[in-house]
Amino acid sequence: MTGFARRLAGKLLAGLVMVWVVVTFTFFLVHALPGKPGDVQYESYIMQGFNPEEARAKVTAVYGFTSHDPLFSQYLGYLGRLLHGDLGQSVYYSGVPVSHLIWSALPWTVLPVLTGLLVSFLIGVIAGVIAAVKRSSRWGGLLSVSGSLVAGVPSFVLALLLLLVFHTEWHLLPDAGTSDITLEPGWSPEYVGSVVQHAVLPVISYALLSYGGWLLAMKSSVITVLGDDFILASELRGLAPVTRARYIGRNAILPLFTVLALSFGIMFAGSFFIEQTFDYPGLGELLLKSIGVRDYPVMAGAFLLITVAIIAANIVADLCYTLIDPRVRR
Amino acid sequence: MAATAALSTRLRNRRPALNAFRKAVTRKPGRLIGLGIILFFVLLAICGPWFYGSLAVDPNAIYAAPSADHWLGTDFAGSDVFQEVVVGARYVLSTAALAALFTSVLGITVGLLAGYHRGFLDSALMRVTDFVLTIPGLPLLIILSTVWSFGSPWQMGLVLGLTGWGGVARAVRSQALTLRERGFLEAARGLGLPSRHIIVKELLPNIAPYVAMHLLLSVIAFIGAEVGLFFLGLVPFSSTNWGVMLNQAVFSGGAMNSPDALVYLLSPLVCILLLTLGIVLFLDAIDELFNPRLRERA
Amino acid sequence: MSRQRTLVAGLAAAVALTALSACSSSAKKTNNGDGGGAKKDGGVYTSIDANYQITAGAPMNPFNSSPNMFLGYDQMRLGFDKYNPLDPNDLFPGLAASWTATDTGLTVQLQPNAKWSDGTPVTVADIKTSLAIAYTQGTAGPVAGAGGTIVQGTNFEVSDVKDLGGGKIEIDQLPGVKNLYFQRLVLSATIVNDKVYSPQLPADIWTQIAAVQGPDPAAAKAAADKLSAEGKTIAAFAPAKDVSAGPFVLTRVGPGEALLDRNQYFFAVDKVAPKQVILRHYTGNQQIWGFLTNGELDSSPYTSMPTNIADQVVKAGYTRTDAPSYVSASIAFNEKQAPYNNTAVRQALAYVIDRDAVTKVGEPVGGIAAPYTTGLIGSQTDAFLSSDQKSALNAYKPDPAKAASLLQGAGFTKDGAGQWHLPDGSPWTITLQTVNGFSDWIAASTIVANELTAFGIKTTPAITADFATYQKEMGAGKYAVGWWLTALGPQTDKAYNRIYGAADGFSVVNGKATHSDTSPANWFHTPATYTVNGQTIDPGQLTADLSVTPVADQKPIIAQLAAATNQELPMIQIWNYTKVGFFTEKHFTNFPKTGSDALLLNPPGVWMMQGYIQAK
Amino acid sequence: MTEVQVRDLTIEYQTSAGWLPAVAGASLDLRAGEITGLVGESGSGKSTLALALLNAVPEPGRVAAGSVEVAGVGDVLSLSGKQLRKVRGGELGYVFQASQNSMNPLKTIGKQLLDLGRSHEVKDLRALIARAKDLANRMGMDGDRVLDSYQHQLSGGMRQRIGIVFALVLNAKVLILDEPTTALDMLSQAAVLDIVRTVHDENQLSTLIITHDIGAISEIADRLAVMYGGRIVEDGPLLDVLRRPTHPYTRALIGATARITGDVDAARALPGRPPDLTTVARVGCVFRDRCPFAVTACADTEPPLVVGEAGRRRACHVEPSTVLSGTPGTPAAVGGQP
């Protein structure tokens, strides 16, 4: 297992380097962006009846959370604070720590994404096996096309259609929020039920988003494994069909770990489409909102976290792969 | 040895790829339909704006129901939705096409260089590719939309291409490596062919179906991304396109709550679905071309 | 294998939960729909707070720039502005039961039973702390354009707060300063709990405030900087718990909704019917439309919407209310750029644009095509101008012939293809600038562009990415023609400041306006003076005068400004916004209706304080 | 005793040109205690024939005619389902062509052995493991270590031997080895063949070795059968056939192998290319295009496989003596020899 530990350390190091690159990239990108958060607010103060000087004064009073240090020392400071988990302070929410905002939003992205991933994995993998085994039949072909189609349709189009059907037309499911506010948060069945009910549409969207990927990957993987020598060999040795199916299954699922990381990334990065459509207060919506009000620290923080999540997913997927496949374990 | 034989066979048959392609496409009617849909939209994008130069407005016929005059009804300004769909195809498709162009040029170049040269160049290029793959493209795009206005398809296509070439590069590299392992390159070199020739004449045609597959898949993603940016209103509406229509239908027309604007919402939505379906159906043929195991049994 | 089995088990659990939730939700829905057993208590009042989006993680601190605090519900003031154009100091009582203006300031009588939600009474300390915080937040402090004893400004300058006993408080204005709106500004200040907020303030805060007001400019500057630094601490402060003196207290902020419970210690708790208030989060108008068409809200804030949605909402059982919104959408000109420096050109364009048609597309429900361009919205024009003065105004009814003759008179020519050419012979094209996200402007632009193009001036709408950029580039003179919000009322001096103020090249020092050609922050107006009806007028000076003139004496000034604006058209007013709201009497009755402008311009919490909204 | 009797076996594949025979009317006996070598170029149908012995002709092929009688089992071709499965790996041990990759890469050899035992409902799995270890030890491996290993941890030769262990561990009477030496270096080849001989002798098996390498087989086989174009063209006792090849193809095959002739210079490749399914002659002798001895009859009549003296069979229109004396590469033979 020392090989495993070494591999883990290597992956973590590579991940850290990647995070550093992304941090640097985001920092300078965000600082290159024009416009200040206060500029947006300025006009709204004018509308409230402040005259220009007063509006300007109020903007500086309320939005004075921007630094005037040279860029590079700001960058060093940013790195240093990041090491302590400090993502800076929000400008739009006058001084609220960015990490606080992100932690409030994070579960509403992670939980539906993971649930969706799980659901789509189960359905997609089973459908992929069927599509592989029945690939010459009409139904197998149809199944494959369904996978590609669902994988191809933009997430927001899916989300809009779901909303149209399940909310607008049938009034079955809510279109916004995470739970019924009148219920006390906790483990009461009503609250959990309400959370689940609100999460159904986002989860379905996430599941649909990655279902096609699983299906297609599993299909091609199964086809590849079916043609592998040891499967024929096990048949000629008279191994029981169940055992053979297990052999096929385990070997076919291996390459899917790459897909896992990929799907997770796609879902995480595409979360804002789904969260926006269902008004679901996750990371994606936070990112969108912060972009809308030009709240750069939050923008950078949310973007960074999304990237870190993707990197982490890659590492986890790689390690899972290592655990299952003895050939890479060494 | 087998590789040499295969190579010489290839050299003998001038255009086997084209024949195989024709065969693959005509094998199933679905693939023909897919090709038909793609061609239809491409024609629409090229010719559409010729038919309907500027859209007429009619403040007295806002969100009119479909009729003989307005096949798909009218929008918030009383403009004809059908005409808008037709005109809007150009931005959507040309952006996707440009993005695909940038993606393939970048992806193929990087992938081939990495796969062919190995060593330091390979690992350096692959690190860059990893980086591009890790950076979440869509969030980056919306952040960039605060700096750049994506008025012309060129800008949008360039950015989409810049964020999207990682997958193609990786795929091309792994294909190049596979061909290498199969002794393909050695065989070609043994025949005394220069490396430029090997790359252009031998490697490229061999990875072409694979690249095509990836490209078509990314075209779908590109369409989703660009339309999505307009739909969310993150990008200023600089032209008539399907994303703008979706945005107007949902955020100005209340299509989610009012049947009046529903056709306005569904028209671009159905177009996107149709185009996706077309590409997916067509992709089946390319998939078969690339994956011989599928071909054998089909 | 075992792994897969757990997955299946998890899935099964999820499915079961879904089924369960479906049941529980339907149970809840019927409860809500009938009013059920909670009838006596009034049940839950559902609405939307249009001021801020609800964000999980945002603090319950009204001084934060985007807090989870809701005006009229758990955020209180001494009084609530009635937005009365004829009496700017007219307010509904809030925490103050009554008040009297004195020569030196204001005497306020607190509500006899005013209490915080923790049961402690509202005291003078709360008022004093709150007014001190205002200095750190830029709402109080040195007043702009101070000249003479009467000053304009949106800031108040309180020098001291004295307890007169019996809930009577004296609030002193800084000696030597006379702000016409001191009463309204002070009474509208946000009042917070002293025990919660004073630990965030330095003990010597009033000494600092005295230094700001002191005669030494350097010391004042230093003190002001210190105050604004302290302001940041206050703004970022996140109290653990809401302590409210309003009718409700914040119980919980979900990521998408806020739940407020009735404050049992509220001074007029017997008037407040709803037991709970749910304020729903929204990210865009379309969501409010959805809530309304599904009948989920008891009342809605102002929402821009298309006619089809408005019809749908009424069909869903809602009653529509209209109240004036003191703002107007206009198309403004950069008068530094030819040909827009030519009055005849601006007038011609006003004759070409059919404001009714444009409004129908741009703001069909929440807008009324502007009857006149005067710099004020319609109802204010009606209130301040005599009928003679009004009939002298040019309504610029669509008249292409008139427009053509004006243009020909200015040396423009029309070619065979119907395209207009500038006097120098080049074809005339217009880029009509709007801002991303302002969907009504964008929609309206398509119609304006179409009308102008049809008239022979090729017009294309262009959209700037965001408002900050729009303002910057507009100030830099990059746009020739573009959309702009004007007639910002109800204070008339604010409305005219928007076109003849400091941002337009007119700066006021010691009550004297001067005009400068450089660095405007706004659409630029070239002439320092206009000739109207043979008289020369100085709009910058008139506007400056307006801000130090009590409303009762403003009519003569406004008459001149309105006539000048109507003739010179620094902008063309396209539509005046109306505040369209909806309510349903499904659960509650006695809502304020169209006509009760003062109430409709305030949030439902204020209605409840005034005894509106009764259980059914 | 004849363990396996193959009679008139015809196997067809579906192609774009219809159903075409890959093996046509093949008959072959495998006797206890005898190693039979089946030799032919790729595409000759020898692997298809071997798979047919287990009734495992892959899609899109089918058995068109014939039978495969296995002692104590009956016609394998009529079996299906569980019965068939039990025969595979039970009576018939098959060592896979690409034995290099015949193991599940994700499981240890021992676990796969247990899978095999369970699939065949072996009661005493301990004994099975013990027997496997014993077999492994006897083949010169460390049984304990090997059973704890994954495939990727074993060398090519070891994998091949493991393949044999799997084929024999259930006490198969018939051992079929498909190209056992192809992917191995010369040393491993010799070792594997040696082991095959040893286990064969120890267990009194009927062994069929399929190979294209007539040289390798010549060291251990008792009988030799030669296949070309889906037909068995000659068979008989190994040494006899090697010394006196009476079919022009056998003769050419031997001539192409330096190891047998002992003279590298004399070894010469067979001219032309072996036929595949679509190019094989439908009428007449399948070898006539490449045959230096071809006569007119070869063009229209397919020569039957005729039993000769000393247990030999051949399918050729040309006299055995002509073939034996004919100078390789002399086309004059076409006209007929005096």
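Letters A, B, C and D mark the chains as written, and numbering starts fresh at 1 in each.
In this section, a residue touches a chain if its C-beta (ideal position, glycine included) is under 8 Å from a C-beta of that chain, and two chains touch if they have at least 3 such contacts.
Nothing here was measured: the structure is a model prediction, and the numbers come from that model.
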item: A-D against A-B, pair bridged by the larger set of C-beta contacts; value: A-B
item: Identity of the most central chain, Cα criterion; value: A
item: Subunit A and subunit D: spacing of chain centres that average the CA atoms, whole Å; value: 56
item: Whole-Å gap between the CA centroids of subunit A and subunit B; value: 23
item: Whole-Å separation of chain centres (CA-atom averages), subunit A against subunit C; value: 37
item: Distance from the mean Cα position of subunit D to that of subunit C, given in whole angstrom; value: 92
item: Two or more partner chains touched - positions in subunit B; value: 145-146, 250, 256-257, 297
item: Junction residues of subunit C - those touching two or more other chains; value: 290, 294, 437, 466
item: Subunit D, residues touching no fewer than two other chains; value: none
item: All pairs of touching chains, each written as two labels joined by a dash; value: A-B, A-C, A-D, B-C
item: Of all residues in subunit D, those that touch subunit A in their complex; value: 51, 54, 56, 58, 85-90, 94, 96-107, 115-116, 118-120, 150, 152, 163, 166-167
item: Interfacial residue positions of subunit A with respect to subunit B in the complex; value: 18, 21-22, 25, 29-30, 32-35, 135-136, 141, 144-145, 148-149, 151-157, 160-161, 163-164, 167-168, 220, 223-224, 227, 265, 268-270, 272-273, 276, 284, 287-288, 291, 294, 299, 302-303, 306-307, 310-311, 314
item: In the complex, subunit B residues that touch subunit A; value: 28, 30, 130-131, 134-140, 142-143, 145-147, 217, 220-221, 223-225, 227-228, 231-232, 234, 246, 250, 256-257, 265, 269, 272-273, 276-277, 279-281, 283-284, 291, 293-294, 297-298
item: Residues of subunit A that touch subunit D when the two form their complex; value: 228-230, 232-240, 243, 247, 250-251, 254, 324-327
item: List of subunit C residues in touch with subunit A within their complex; value: 1, 7-8, 10-11, 14, 17-18, 20-25, 28, 44, 53, 55-59, 63-66, 136-139, 141, 144-145, 152-155, 228, 231-233, 235-236, 238, 252, 254-259, 276, 278, 280-283, 287, 290, 294, 327, 437, 466-469, 471-472, 485, 488, 491, 494, 497-498, 501-503, 521
